[in-house]
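Below is one structure; the comments refer to it alone.
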Amino acid sequence: MGTVPLLGDADLSPEARAVFDDIRAVRGTDVVNNFWRALAHDPPLLRATWERLKAVMAPGALDPLTKELIYIAVSTANGCSYCVHSHTAAARAKGMTPEQHGELLAVIGMAAQTNALVTGLQTEVDDAFRA
Amino acid sequence: MGTVPLLGDADLSPEARAVFDDIRAVRGTDVVNNFWRALAHDPPLLRATWERLKAVMAPGALDPLTKELIYIAVSTANGCSYCVHSHTAAARAKGMTPEQHGELLAVIGMAAQTNALVTGLQTEVDDAFRA
Amino acid sequence: MGTVPLLGDADLSPEARAVFDDIRAVRGTDVVNNFWRALAHDPPLLRATWERLKAVMAPGALDPLTKELIYIAVSTANGCSYCVHSHTAAARAKGMTPEQHGELLAVIGMAAQTNALVTGLQTEVDDAFRA
Amino acid sequence: MGTVPLLGDADLSPEARAVFDDIRAVRGTDVVNNFWRALAHDPPLLRATWERLKAVMAPGALDPLTKELIYIAVSTANGCSYCVHSHTAAARAKGMTPEQHGELLAVIGMAAQTNALVTGLQTEVDDAFRA
Amino acid sequence: MGTVPLLGDADLSPEARAVFDDIRAVRGTDVVNNFWRALAHDPPLLRATWERLKAVMAPGALDPLTKELIYIAVSTANGCSYCVHSHTAAARAKGMTPEQHGELLAVIGMAAQTNALVTGLQTEVDDAFRA
Amino acid sequence: MGTVPLLGDADLSPEARAVFDDIRAVRGTDVVNNFWRALAHDPPLLRATWERLKAVMAPGALDPLTKELIYIAVSTANGCSYCVHSHTAAARAKGMTPEQHGELLAVIGMAAQTNALVTGLQTEVDDAFRA
């Protein structure tokens, strides 16, 4: 259904196979989801995307669940259906409760609303907010 | 500079003044930022927006700082300059560290990138991600 | 400040000048706003844009003010600062009242909010809504 | 198919049921569309969204059909498939003719085009447009 | 599935039929894709869209394949699924190789990422970049 | 003006300084533009962004000017003012002519317009376009 066919495990180049092996090891599951199977047509792009994602989503000053909530927020604002689905699933796997999901959606909706109001009003930024 | 002039305290209708009083009380500051001074031209819209914002951003299943990070993420994806400025300031006031700010930006950037890749690939959602 | 300098009347090619003459005649004013002065670097693009705008915004099954409100709505959702400014001014010139402006903003904000909620929920379209 | 399952009437909490009753009463139909069935997982969010939508879309300085056209415009610019479907159906129910639909689309398309041109040119806002 | 039904060849008005004839002649194929079959409900909008598309996508200072790559980039950023599919197919028909497709996606993803980072940072434009 | 102050050369950490050295060497100029001076607050993010940008924008199956045109297209669709300015300057430095700039804008505008029309029509993807 996409603009490129999904690659099965048997169709992978050695470089793509090595990335899939790392995805499986890091995630502790045999499943490799469709995004990677589409990206696998371009092994360097697959590798660069996976390596960067792994680094960015690792625990740091923000915990992994918070990072997933931020990811869902961006994906929702960008209207990326696949990404909303996949990162909502990931957030649940990392412990997101139904209450947290509801509050996440409420904040996303509120932000979208005030973003639109400010843009329609073209309000000037307060001096106090500038770094 | 906006599409409506900003209202000073002396220009407010009684209904708008009551909302400004509540903003000052809840936030513990005399400053009322420009967004509310633009919205004050339409007191019912001002009131509805403030009441809803107050409810949505209150502590709940998600803590107030996490809610600000989500707000920044949506505002960034929507390209709302005013909102990025105001909610970055709010997040700092609620304790966001430079390290957290850097990781927030890294996640926002990563999400924007993979949103674009998935959209360009038109990847089909995995059955496992559907509720 | 833009990516191309604005052209003054003395800088126009004959083709661009003819378009400016028509803009002035149709609008009944000597002012030609900056958008056209930037587009004038590419006379065929200037002409095609003006001719199409003139046809689309003419009275028809929708009246000119309603068309301006729709234009503001799209421009706000797309985050186009110039367009929000110019079409808010145009709507006022066509009779938009402060009450109508307030309701326009309320609808734009509400739509942005429910757009975000639906996208976060990935709600399936009801069969009844399909043509 | 969504990120949460749709709730049937038998699955509703009392608070959600009360909102559904009001939706049915206000709209004069027994049908409650999928958006509300997804939101019903979070009864306070359901209630707040419905109450605000009811107020915003009521007749006022703008008539209900004009409000639906604005809603479609925002939803189209935001790429919300569900919302385009549901509000196009709502606009038809409120009397939108095929000619009006065609003109709506023409204005939306024109606005999207000039939004993009202005953004590519980064044209400075005319002083005359500032409030 | 859309907001209007698709028109078959037997359903066309004479004006729409004339546009379809030109689409077939210019493209050298009997196939007229669904976009035009939906637009055909509004023959003047159909004609204006086709005539402008034909002019814009013709060979000029940029070659037709480069124009398709730009079209895919915009469509991806705007999240238009139909357009990503149709213009990816068009780009392949004009010679886009898998390597070029991969690099196109990499640039689109990189741009989306840095767009988000700059917006989150609200970086001021360098004087050297202004026209 | 941004959400973080710009760092001067004297304020850089050793890791950030090494990235700036590479930017200067690769670009053959002493100027390091504001984006990098804002990102320099987070040296690992600075490094990862620069390394990836350098790889993505290098000559490959697409030439560097074509990549800049694609970058401008995405940045315009995303409404990133800074990015439109900086990549328009970069495209000119790589040889973009005024005629090419005009055609680029025309394609971007056309794509934005048909993206909006398709989204408003919710046209179903033709089977022939699916991979």
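Every chain is named by a letter (A, B, C, D, E and F) in the order it is written, and numbering of its residues begins at 1.
Here is the rule we use: a contact is a pair of C-beta atoms (placed from the backbone, for glycine too) under 8 Å apart; a residue touches a chain by one contact, two chains touch by 3 or more.
Computed from a prediction, not measured in an experiment: that's the story for all the values here.
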| item | value |
| --- | --- |
| Those chains which touch chain F and also touch chain C | A, B, D, E |
| Path length in the contact graph (chain A to chain D, fewest steps) | 1 |
| Listed chain pair B-C, B-E or C-D that repeats interface C-F [over half of contact pairs the same by residue number] | B-C |
| Greatest separation from chain D - chain, by CA centre | F |
| Same or different contact residues where chain E meets its copy chain B, judged by the half mark | same |
| Distance between the centres, which are taken as Cα means, of chain F and chain B, whole angstrom | 26 |
| Distance between chain centroids, defined by C-alpha means - chain A, chain C (Å) | 34 |
| Length of the line joining the C-alpha centres of chain A and chain F, rounded to whole Å | 21 |
| Residue numbers of chain E (touch at least two other chains) | 1-4, 45, 48-49, 52, 74, 76-81, 84-85, 88, 102, 104-106, 108-117, 119-122, 130 |
| Sites on chain A touched by chain B in the complex | 1-4, 6, 31, 33-35, 37-39, 45, 49, 52-53, 56-57, 60-62, 66-67, 69-71, 73-78, 80-83, 85-89, 97, 99-100, 102-104, 106-108, 110-115, 117-126, 128-130 |
| List of chain E residues in touch with chain C within their complex | 1-5, 48, 52, 55, 130-131 |
| Of chain A, residues touching chain E in the complex | 3-4, 41-42, 44-45, 48-49, 74, 78-80 |
| Chain B residues within the chain E interface of the complex | 72, 76-77, 79, 81, 84-85, 104-105, 108-117, 119-122 |
| Contact footprint of chain C on chain F as seen in their complex | 79, 84-85, 88, 98, 101-102, 105-106, 109, 116 |
